[in-house]
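Chain IDs A, B, C and D follow the sequence of writing; residue 1 opens each chain.
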Amino acid sequence: MAILATGFLMVGRRSLTALVRFYALQNVLLAGLAFALSEEGHLVFAGVVLLVLKGVLIPFFLLALLKRLAVSHEVESYLSIPLSLLFGGALVAVGFRAGKAFALPGAALPEAVPVAISLILLGMLSMATRKKAVTQVLGFLALENGVFLLALSETQGLPLFIEIGVALDAFAAVVLAGILIRRIKQIFGHLDTARMQELKG
Amino acid sequence: MDTPLLALALFLILLQSGLALWWPPGRGFPWTFGTAGVLLLAAGLHRWLLEAPGQQLSLSGLYLALLGLLYLALGPYLRDYLSHQDSAQAKLNAATIPLFALSMVAALLVPPGYSLVFAWEAMALLGYLLIAWGEPGAQTGARWFLLSSRLSGAGVLLMVVALSLIERGSASLWPLVFVGALVGFGVKAAIFPLSLWLTRAHPVAPSPISALLSGGMTKLGLYGLLLATTFQTKPPEWMGWTLVLLGLAGAVYAPVRGLAEQDYKAVLAYSSVENLNLMLAGAGALMLTQDLRFLAALVFLQLSHAAYKGLLFLGSAILPAREIGRLGGLWKRAPVTAGLTLFASVAAASLPPLAGFLGEWLLFLSFLGAKGLLALSAGMVALAGVLASVLYLRAFGLTFLGSARSEAVDRGLEAGPGMRLGMSLLATFLMTISLFPAFFLPKGISVPLLPQFALFAGLLVLLTLLVWWLKKLQHRSYGTWDCGYTSLEPVMQPSPLGYSEQVLRLFPFVSLRSVPSVGVLDPLEQAYRLVSALYQNLASAFQRLQSGSIHLYLLLQFLALLVVLAVAL
Amino acid sequence: MSAVLLLLLAPLFTGCLKWVKARLQNRQGPGPLIDYFNLLKLAQKSYIVPETASAVFLLGPSLSFLGAVLAATMLPVFPGLSFTGDFLLVLYLLNLGRFFQALAALDSGSAFGGQGSYRESLVAVLTEPGTILALSAVALSSQELSLASLAPLSAQNLLVYALALAALLLSLVAEGARMPVDDPATHLELTMIHEAQLLDHSGPLLALYELASGVKMLSYLALASLLLPLSHVLAFLLMVVLGLAGLAIIETYGVRLRYLRLPDLLTYNTLAGILAMLGVVLRFRI
Amino acid sequence: MLWLLLLLPLASAAWAYREKNLNRLSLVAAGVPLVSLAIAVLGQGAKNGLLELDGVGFFYLVLADLIFTLVALYARGYWAASHDTHAPAFFAPFFAFIFTTHGAYLTHNLGLMWIFVESSTLASAFLVYHHHNSRALEATWKYLMLGSVGIALGLIGVILVYAVLGGATLDWGEAKGLIGGVNPAGLKLAFAFLLIGFGTKVGLFPMHAWLPDAHSESPSPGSALLSGTLLNVAFYALVRYTSLLESAGLGSYVHKLLLGFGLASVFAAALFLIAQKDYKRLLAYSSMEHMGLGVYALGLGAPWLALLHTLFHSLCKTAAFLSAGNLSLAFGSTDIDKASGSARSWPAAGFAFVLAGLALAGLPPFPLFFAEFQALLLSPAALMPFYLLGLGLAFAGLAGAITQIGFGTPSALQVLPRARILVWVPAALLLLALVLGVLPPAEWAKNIAEVLR
């Protein structure tokens, strides 16, 4: 539930730094869940990787990026905050409704499945409505977390090396995105992806 | 017996394509291409006359002979023609024309399966390249050609696929076979509303290509349709009626539209559409009635059309400009070409005693012999016939007779000896088939014919005597009657549109426009334009999906997920 | 046989026409044999070839004449050559003549020749389908598709024959270039159709044209006469007399139609043809 | 030995990161895939821990290496002619991309496969970003975002498959054996995510949006790689999963979805094609069309046909993009209007483009025609008209542009590159395609696809 709450808060807050912090918090919570669920060793390890990579490295990377680029801390969106929240609520409802279908027999933590689905949907919502490049990355990361939670709850986690590979991939994607964000700022002078509409047709 | 002949012919054609890469363009064509033509003509006639009629083997023979005739004429013709082109283009043409010729023969030799579609599409590809490479203005025509070929290819593909599925036991697909055949072969034979490509593509193609396309390739469409009738004991009625109705409509529309055309080669193209649609109507009636006279009519119409239309297009190479309004008096500059063109024009206007009339006469009689409303088609045939004769009267008369309408004519030159030989070969064939038509019908098809030999020979002898007598009489050269004034200008001769204006008034579906500039209002073209505009609008509306907004893209992705999930749950 | 008859009769016919017309118009006029003398005179003259002209210039009168003569050989005024579909050949041989006549008119490079040429084309487009349909209908209603074996007039085919007769007579005035389609006596080039094409042909060439024109008119009369319930020769003579009288009366009391109004008149020809054909196919009776 | 296939490009990538000599780089870039090709031929059917090279993997690996080699050869001439100072930066991602591609084809572990597919996105993002300008940046950003989201959704599918199997295995072969008795509802859900996920990378409508941007902004050798190999990587994953679900008895469900998405992509691509003014985007949309056709073939239950289709498409499309590269070098623009009449001003390049374009349009004697014919033969009668209509519309979209580029009024040539290799590579690809078109290797493909039964 707390994870979902962080998800909601990520939709609801205006400040970018706060967003990143919530993301870190979400990861910590996820890692905790991983520890809690761990019966074998590998989930612990996965939890540690998650904690280090996503809970610490990525947020720090993002925060540093924000600082360096002197981005205004305002989140810009197609939807106002209340509307975003409302949509988010609706999506969570959908997630919970549909989540039942996703909870496969033999899932490790069937209760978490709807949460994971909701998290994924919320991530997609923020990606599709937030204008700033950084917020899109955050949306993607939230989505990724949802996927991780889903993996955790459905299967007690994927095999270890896969888990690490996935996490590394996510990390690499964020780093790449970070580089791109820096370039976007340099070339366009802003981070508004909604204004990048040169390529069309 | 004809297999080695065919193999040798194919080998020679292929050889020529290869040789073209080393030899200067045009060299070797009379020997390879011409010989291949003779071989094809012999093998084709052998098949057509001796194999059991109504089967693929004998049918293909007729068309092999027809192609052979054209190749025979093109052999010497290309020798001259290519050596006058600029070298890169000539080289390319010299290598590609044989391949194009090969693909047409291949389409006739293979059974209706994958290889037919293959040859069919290869023909389209090569034809496209030959047209497109011709001149910068040929772009639009080439595109039309390519698009229509694709439509035709799709139809043939559908037919072939349905046929092979039927072989595996799904008999309910028969309608699909005939729809495919109708579209696939109909488009290639320029069936009426889908005929616009021909009149766009043929005028802009180089003259020998136009001759091959108009004389040869379009006939393959008719071959296909006749072939389709052999699949089942009797093809469906709807197909016959569709062909008859569309064919007759096209046979009247095309010459009228041609009368509004100012481009000499476009006029020839419209006349091709008229002839082809008349043949399509005949083929449709053949399906409906199974009357062999229709088949005989088709034989003469097609063989003579190949000869005269080939000749006309080959002759058009000497025109210094394509617009009739800038021509006139070319007879003086190129008497041989003009004479041969006149001969072909008489055949094309379906006037006796040439074989074109024989075909039309058979078509008349077989339509009259048909039961019910089909007999009324004779009126349409008559209308098409008289319009065609006016069409050629105008095209030939304004181009070759009278006095020159612009300085362009001064550049006009007589065709070279090879070109003249090529055209004469076609004229000789036309003469042969007009004199001895019975020879070209196999035993299975015995229909009463006109006393062609007596008629032709009689007319020829009398004409020679009369002209000889007239020539012998005393005569002198003097100015044309000018009402006593002395300033008769070439522009006082009728202009191409002026010539046909009154006739066009009778047919309101094609009208002339004088504002803002002189042009033609053609509902068919307008319909095409409308459809194309609608599709373009749809497409440009669709471009909004690719608006550049990443948020829209993500949303689309999301929606797609939801849709798939909805299917899954 | 028929061709010889028509050839011999043609100058007499045109001459008589002039003579009757003159009488109707209370003029003295030339005698009925005038055209024989005319032709003889023309044949002896030398002729002029315009400077722009080509070989087609001679082909025009020659083929116009030969087409008409050959067409006439197939007319069964006297029993002679006859085969299935001969009526089509007759009409198309006449077309052959017209085709070359119009070409030769273009060959002179004059404004009038061109004008005559395209006007003639219009007349052809207007009359030909109707004529062919009408004759086809008559042939169809007789089962045998040849001129010599047309069924005699009867109650069954009365309507068809009447319509066909109308169509044929209309094409007679159109193809023969008589009033109200054309005025053979005009001297104003701008209003001519048939004559405009002959302006540059003189001497023997003109003679050929004149003769061809006469044979052509007689051919149409002969075709029309086949519809009468009399023996062929008798019907033909009757038809010639009737035609003579009719043309003379029209050309005396009638006026020529404006060129642009031609379609209004000649559409009746097409209409008659279509109706005749429908009459056969759907078995209309009166 | 199979590990060598991974280590070789990885090591080269590390080396290329520092290396600045263009000649050496392109030589190695051509050599590495060539050596890999040889290794692959030797190691066909080998199994080595996590890695396994079965028929389908081998097929795609060979195809990819062939294209890598040829593109590298071409790239040498291309970079020399383009005077691009960034040119050496092209090669590190090039090798990284080879690495990920090899990885994806070699592994039979579904999780690892996912990781490699995702890494291929990242590696190729650098190829797209090569020009470092605003357009390239925009394209890369969109590519990265859409691709990552897509692939994350794909991960959900992988997880669900794993869950459905009870966490027993992620190995494709083992999973295929186990999958018969599992919960179909879960598998259906899983496939929905897999289809959207990998479908995004394949470029299916409506997840295709990144595709034209990425293809048009990448330098031409990069575009050729994207279209000739990257799309195949994701397509390969779809092939594997489709086969998996067919084994689970869900064939009809999977086929329905694949047919639907395939046809939708073809129609959408047709509508985009007709309005195109930029020839690289034109080719990109044509990729979308052909991927749609490939997916359609997959949906017909004929994986061999899908394999053939992607093979033929890769050859022809690589030739087309490389020719497009020639044109953009010569005319300095990717506008169709500014490159018209190329067959007159630079016949070799112009004709290569026209022929490649016509090959892509599905005309014989080029091989795509064979694939389309076979697809029609296998289609249910109700879909035949739609299939033909889609093909026809797509063709109409291509025909105009090809004609104009080839034979329109000639536009001004800026430079005429001298390097022969620029023309030889597309010509070689076309020749290969021509041979395959005349002698289509249908039986061979059927044998290869046996693994998927």
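Following the convention adopted for this analysis, a contact is a pair of C-beta atoms (placed from the backbone, for glycine too) under 8 Å apart; a residue touches a chain by one contact, two chains touch by 3 or more.
All values reported here derive from a predicted model rather than from experimental measurement.
Remark: among chain pairs A-B and A-D, A-D carries the greater number of C-beta contacts. Averaged Cα coordinates give subunit C a centre that lies 75 Å from the centre of subunit D.
One inter-chain figure worth recording: subunit A and subunit B are separated by 67 Å, centre to centre, where each centre is the mean of the chain's CA atoms.
Subunit A and subunit D have CA centres that are 30 Å apart. Centres computed as Cα averages put subunit B at a distance of 42 Å from subunit D. Across the assembly, subunit A contributes residues 101, 124, 127, 136, 193, 196, 198-199, 201 that each touch 2 or more other chains. Counting partner chains per residue, subunit D shows two or more touched chains at residues 141-142, 145, 149, 189, 212, 272, 275. Contacts with at least two other chains are made by no residue of subunit C. Every pair of chains meeting the contact definition is listed here: A-B, A-D, B-C, B-D.
Interface residues of subunit D facing subunit B in the complex, by the touch rule stated above, are 141-142, 145-146, 149-150, 153, 188-189, 191-193, 195-196, 199-200, 206-207, 209-210, 212, 253, 256-257, 268, 271-272, 274-275, 341, 343-344, 347, 354, 358, 361, 363-365, 369, 373, 376-377, 379, 381, 384-385, 388, 391-392, 395-396, 399-400, 403-404, 406-410.
Those residues of subunit D whose C-beta lies close enough to touch subunit A in the complex are 109, 111-112, 114-115, 118-119, 122, 125, 129, 132-135, 137-142, 144-145, 148-149, 152, 155-156, 158-160, 162-164, 166-167, 170, 183, 185-186, 189, 212-213, 216-217, 272, 275-277, 281.
Those residues of subunit C that touch subunit B in the shared complex are 46-52, 54-56, 58-59, 61-63, 65-66, 70, 81, 83-85, 88-89, 92-93, 95-96, 99, 102-103, 106-115, 117-119, 121-122, 124-126, 128-129, 132-133, 136, 139-140, 145, 189, 199-200, 203-205, 208, 260, 263, 273-274, 277-278, 280-281. Residue ranges of subunit A in contact with subunit D, taken from their complex: 101-102, 104-107, 120, 124, 127, 133, 136, 140, 143-144, 147, 150-151, 154-156, 158-159, 161-162, 165-166, 169, 172-173, 176-177, 180, 183-184, 187-188, 193, 196, 198-199, 201. Residues 88, 114, 117-118, 121-122, 124-125, 128-129, 132-133, 136, 138-139, 142-143, 146-147, 150-151, 154, 157-158, 161-162, 164-165, 170, 172-173, 176, 535-536, 538-540, 542-543, 545-546, 550, 552-554, 556-557, 559-561, 564-565, 567-569 of subunit B are the ones that touch subunit D when the two sit in their complex.
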